[in-house]
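Two complexes follow with chain A in common, the first pairing it with chain B and the second with chain C.
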Partner chain A sequence: MMNVKTDMKEDSRKTKQNAVTVYFTKFGVLVMIAALAGIGMMVSPNFMSWKNLLNILNAVSYLGIVATGISFVIYAGQYGDLSAPMTMAMSGVICVEFMRYGLIYGIIAAVLTGVIIGLINGFLVGKLKTNAIIWTLAMNFILEGLVRWSYKGTQIYPDMANAKTYTTGFFLPLMAKLDPNILKLDLKSKAAAFNGLAATYPLGLPLVLFVMFAVMIIGFIVMSKTTFGNQLKVVGSSYNVGKMSGINCTKTIMLAFVASSVCASIAGIFLTSLNQVGAFYIGQGYDFIAVTAIILGGMSLAGGRGSIVGVFGGVFTLGLISNILTLFGIGTFTQKMITGVIFIIVVAVNASSLRKLGRDYA
Partner chain B sequence: MDTKNGLALEMKQVSKRFPGTLAVDSVDFEVRPGEVHALMGENGAGKSTLMKILAGSFNDYSGEIYIEGKAVGLHSPSIAKLEGVGMVYQELSIAYNRSVQENIFAGAIPGKGKFVDMKQLREEAVKALARVKLDKKVDPTMPMKNISQHESQLIEMAKVLKDNPKILVMDEPTSALSSAEVSMLFEIIADLKKQGMAIVYISHHLQEVFKIADRVTVMRDGKKITTCDICDVTKEKLVEMMVGQKIADFYKERVANTKGKILEVRNLTHYGFIHEVSFDLYKGEILGVVGLAGAGRTELGRCLAGADKVDDGEIILDGEKIKTGNMSKMLNKGIAYLTEDRKQEGLALRLSNRENILSSIITRLSRFGFYFPRKGNKIITELYKKLTIYPHDPNIGTSNLSGGNQQKILLAKWLSTKPKVLILDEPTRGVDVGAKKLIHETIVKLAEEGVAVLVLSSDLPELVTLSDRIIVIKQGRIIAELKDELDENKVLLAANG
Partner chain C sequence: MRKTKNTSNVLVLKRFDNSKIFESLNDNRIYVFLILVFIIMSIGKPQFLGPGNIVPMIKTSLLPILVGIGFTYVMIGGNFDLSVGAVINVGACIVMGEFNRFFAIFGGDAGGTKVLVLSWVIAIAVALAAGAAVGLINGLLVAKGKVHSFIVTIGMLTTLSGFVYTYCKGNTISADNSKFVDILEKPFLNVPYLQVITIRFVIVVIVLVFFEILLLRTKWGRALLMVGSNKEASWQAGINTDKKIIWSFVISSCTAALAGILFAISMNAAVPNYGERGINPLMLVLAATIIGGTVMTGGSGSVVKTAAAVITIQSIFNGLIMMGLGFDAQVLAAGVLLALVVIYESYSLYKQGLKKGERVALLEEAAELKAKKKIAKSNA
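Let's turn to the complex of A and B:
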């Protein structure tokens, strides 16, 4: 029998991507960071000081935690989790309510809230195949209504101990009914512990910075080294292929949404502590900036491509931009416009580079 | 024709360069009016690129193109369309929620002023449908999603024909059709021929080409090998020109060496698709399943693999009754299913070959929730060698591979699961001769190693030569089982009976 040597034949079709495109998607964010650092040094001699860099990192650490979570949803090919802002707010409020029994109970209750929201999102998107953007937007709306309705539009302060609080809250009236002693709990020290979360400086650095690095390291390991992360990559690249490879797509997508909501919860707890108040507006705008950071970090909106290292790069870049703009004396409102323009440019480049590679199959 | 040499299309010294490769290298190509001209070659030979030049997909080709003697510059798809080039692609471009008539006239809906003229639209649509012999069968106001696959393909053709092209290019028009539908398509082509249309017919099916083409052009590695009258060549000669080497005994007779029953299927039913299907499968056996399109072939494969739900019946693997409907469970028990839809369900084209091959065994290469892809290195090296996949680097993206090599990656993905029962749905659809032969050899080798193989295919010669036994399925039921001295006519008779 003759052997057909198909492997010897030069295939005459395009097998190589443009090297520039490859390097840009891989290291583009590093180039941007270097350029921004250059500009920053020109503007201010103190720019590259440790103090300033730590300031930048501290300012974006909340964003970093949220972005790590949402990146799982984007990695799963589901465009984004727009319920993140209200997940943050709701977790903060729940934490404030439950920290009356002790800080740890507050944190557990808040994270559980995140898990539940994530499971609902994941079930609707993964199992019932609703559009992720539309559903999470609706979820955000529902949660906002829930929080504002149950607190009658008021904010809740950690050290508020008067009887009025026990008639307006969502869980508090219930708790007061079950356990009358709740009224006698010493709230002053509990509230101090809660408010101290965002004001703790182990080793001279803010606690939330350590938490961001921890979340990112765990996120990196989960995304690239675990069974779940690698299945998520297949599902994100092509849902049908994942399904036909014996992967439980519903479960995988649900877990991605849970990761997103839990990260939002953690960020929500810290942000509430920083503001010393639980309210519906805590976390507003974080969904949008997080998606900008993620795409800036080279993650593809089509799913299955990118890494947490890139997400960190994207988050840091946004921090640098904001810092430099402040050094230039540009105000917050103008910065918002600039962030919006960056978002549009980054998404446009992302989409067109996908199209050029002929890979926009999603 | 009032042209000097009477050619409908003449391409002179046409070349197209991609970064790194010359995809089409100084090719001369001509088509006469009223002729069916087959364009053949392996995947990656440059025939698609040549036809894309003709369709105006590139504005940086070199060489000259004449249509009916007039020099034309086909620099955009709209120019190509105006000059009379009509393309029917393998992949359909259909808006499934719109009606048939709106699909046919997409982008050119007749109107009065700013309003759509429904009456004229309907009349024109009926005329267009008549050209593909569907005017009696299809109501132009019907939504496209209610139209069957093969009629959709004809409607796609009607869409192209309504512009009265001078040259009609068809890329693998029969790859999704059953034999009855193919002969209907051939009647339509014969009609168009009579009307003097020049037809370029791209196909991997040798038999079809011999049945319908007047002349054939063979391409290899971007170059034209030859153009000749179809009656001057034999099948063997054509294959030799396409592959570039002589192929001795294309299909080898094989003696089945079956041992022990591995799979028992009893009364398997998925309402509306398959009904009370029962058969046995033995270790080392290759069982072919034949049936017209829509007969339930694919659904049978999907039910066995756990991809579709099963309403009734049981599957007994190795004496153990297994609960159906869970794909990962079936996979772990040793039933693997290679899908017919490579692009949508088979391979994630954005991943690398390595990731694609290992995607079905992620859990097997994991310990305590952590994934160790390095454990798959040996499997990948082995499979790359076994299937001679080109290029050799498993880390490049799957989208960069030719169709034949992508199919090999898909096969490798399922071989990596070390299946006891391997279900192959159209294992060689749209792949070139060399890859096809290699896939066939691999299937035979697997059977010799004791794997039970179920081949679902619409390629009759493939089934007849590969299978030890063939079951015929019609409207979801097994209507015949053929064992000894399989030949195509017998199978065809049974399938249509």
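Let's turn to the complex of A and C:
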């Protein structure tokens, strides 16, 4: 007779997170912010002053706009939008080209550029199911090539208006052909209006800060209160479930990419205005740092988990880290290194804690 | 490949044959592409085939070829290594910095050849070890920590680029003694075309052949291919999948570091931001790996094909320069080339995905029915 083992071993795997872990994953960013604020207060008495906090927020406001956009892509279960840096640069350049007809035209043209880039990305990733990382990287290279090739390696200044300006660029030669009087346009006041975008202080606060909060509030409402947000959550958590329940997955992913590119465009306009020059290197490095902020804010790379509040927390944390390291007298490049290490550690801890529950692969 | 029992069905057989030819052509498309580029360029500009173009072209290809070896390995395992660009700089800067340090410790020029050799050996060993350490960390996080490789390596990229700037203090580093530089770049034969054969070239060829044989002719390599195509099945078959993936990352970082080392020594200069303002080596290698036929999801690929793709892209670059289009056109061309190949690959995968639920037997039945109806119609 076979010896049948009747008493099966009880399944000892964990099915529930303990309370500490739950609170840490939920409010992890807040804990980090509190800890960093404590360190900051110890380092410098001026740290908690209103002025310093405002400086920190102002420094990360561009990042906040970009991160809000990219968080939609990550929420949809695609690993990120690496074409954000060149989307920023390209929109800045387009805005400078079109602002000679008026600032509002420049902004509309730049946002339209973002929409088109987002649609292309979304079609490739959503419809043809290209790997999002590879495709957005390729898109970034194409856009970089386009900007550099059409400008022959030169830069565009908002107030530059000689005959040579109209020989390079995307639409500038066309503009010169259509309207020969374009050289007589008064660019001084328009350039001042464009450059003033980043230097306007309504209510004593920089305009970018208001834009960041506006983008984040809209993002928060769209992500957590609308049908589109719920669909995004389903598609992000499980693509097949979304498909089976009748969601148009292609459209959802496309819209997520459009949101990302439009946010990058808005940030690009402000960053170009801040630098007062349009060039291909505007916005370099924003892709990685935005992903860092999003992951720090508790959004899961597997998709469908996290919130814009967390993203804001992540962005603010990065600002705090940079501020404190500067107070310690640590240089920019070492700061970069430390940020990278923190990022890797946070991701690894997050992944391992989720894996212990058998929940996640990201 | 679909197998048909019913050999009398001419229609199906024809499809079968066509797809076979097309498949082998698609497998070896990079060689066809390479020959085509050479023919077109040499018709347009006859000096394209001259030694004045070919020799520098192959010399500039040596760095991306080496990096491409590791990148292909990682992609075959089903992952990405975006940190290769930074590892090149790490290898380059560390080898120069450590050489200068040890050269000074051992007594400098007064010590003679012995000190020189010893310093170079230690410096190269340290740089390679740094590369291996980076690869080990990447591999452990990906295989054991189950973090997505994209996230790990992009974090590593930032960390390393910060590290390299701190290491170099933002400066260019040159070696205090440039004797080895001359040896590494001295051609064996001073004959046109054969000037390309230097010690650096020989090292790259040996490494390339070694890794091609390792991948396609050994048990270890076949196991890696299997891990890439189906991780679950290869685990069931008794392959230690985690170990394979860790090794693929170590190989990637080591080859990238070696590429940086050889490049820095041959130039006698190491900069912390190589490729940041110019053509990103990552872009070139990514494009070459995908054009060379490595499947994006892993499981198939060849190192030599990647190398051929690097030479193809490099010859397109040189052709563009000869046509007077300048550097910025190169960046655009590389991006467009990469995008086209990615679109083509994903479109063919998309087509395959559409066929996934297709039941061949039913389709054949339907075709037979249609043919019968047609015959009945013509009879009537």
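Following the convention adopted for this analysis, the second predicted complex is superposed on the first by the 345 of 362 C-alpha atoms of A that agree within 3 Å, B and C clash if a C-alpha of one lies under 4 Å from a C-alpha of the other, contacts with A are read in each partner's own complex, and residues count from 1 in each chain.
Heads up, the rule we're going with is that a residue touches a chain if its C-beta (ideal position, glycine included) is under 8 Å from a C-beta of that chain, and two chains touch if they have at least 3 such contacts.
Computed from a prediction, not measured in an experiment: that's the story for all the values here.
Peer 1: Name the contact category of A:130: first (chain B only), second (chain C only), both, or neither.
Peer 2: second
Peer 1: Report for A:304: first if it touches chain B alone, second if chain C alone, otherwise both or neither.
Peer 2: first
Peer 1: Just chain B (first), just chain C (second), both, or neither: which does A:186 touch?
Peer 2: Neither partner.
Peer 1: With the two complexes superposed on chain A, say which partner A:228 touches: chain B (first), chain C (second), both, or neither.
Peer 2: In the superposition, A:228 contacts chain B only.
Peer 1: Pick one for A:243: touches chain B only (first), chain C only (second), both, or neither.
Peer 2: It touches chain B, and chain C stays clear.
Peer 1: Would you please give the residues of chain A that touch chain B in one complex and also touch chain C in the other complex?
Peer 2: Comparing the two interfaces on chain A, one with chain B and one with chain C, the shared residues are 361.
Peer 1: Give every residue of chain A touching chain C within the complex, in rising order.
Peer 2: Counting only chain A, the residues touching chain C are 79-80, 124, 127-131, 133-135, 137-139, 141-146, 148-149, 151-153, 281, 288-289, 291-292, 295, 301, 331, 333-341, 343-344, 347-348, 351-352, 355, 361-362.
Peer 1: Tell me, which parts of chain A touch chain B in their complex?
Peer 2: 1-2, 4-7, 9-18, 225-231, 233-234, 237-238, 240-248, 302, 304-305, 357-359, 361
Peer 1: Using the touch definition from the top, list the residues of chain C that touch chain A in their complex.
Peer 2: Counting only chain C, the residues touching chain A are 80, 141, 145-148, 150-152, 154-163, 165-166, 170, 277, 280, 283, 286, 290, 296-297, 326-329, 331-336, 338-339, 342-343, 346-347, 349-350, 353.
Peer 1: Report the residues of chain B in contact with chain A in the complex, numbered from low to high.
Peer 2: Spelled out, the residues of chain B in touch with chain A are 18-23, 42, 44-46, 49, 221-222, 243-249, 252, 307, 327-328, 330-332, 337, 339, 343-351, 355, 359-360, 362-363, 366, 369-371, 373, 388-392, 396-397, 399-402, 404-405, 413, 432-435, 437-438.
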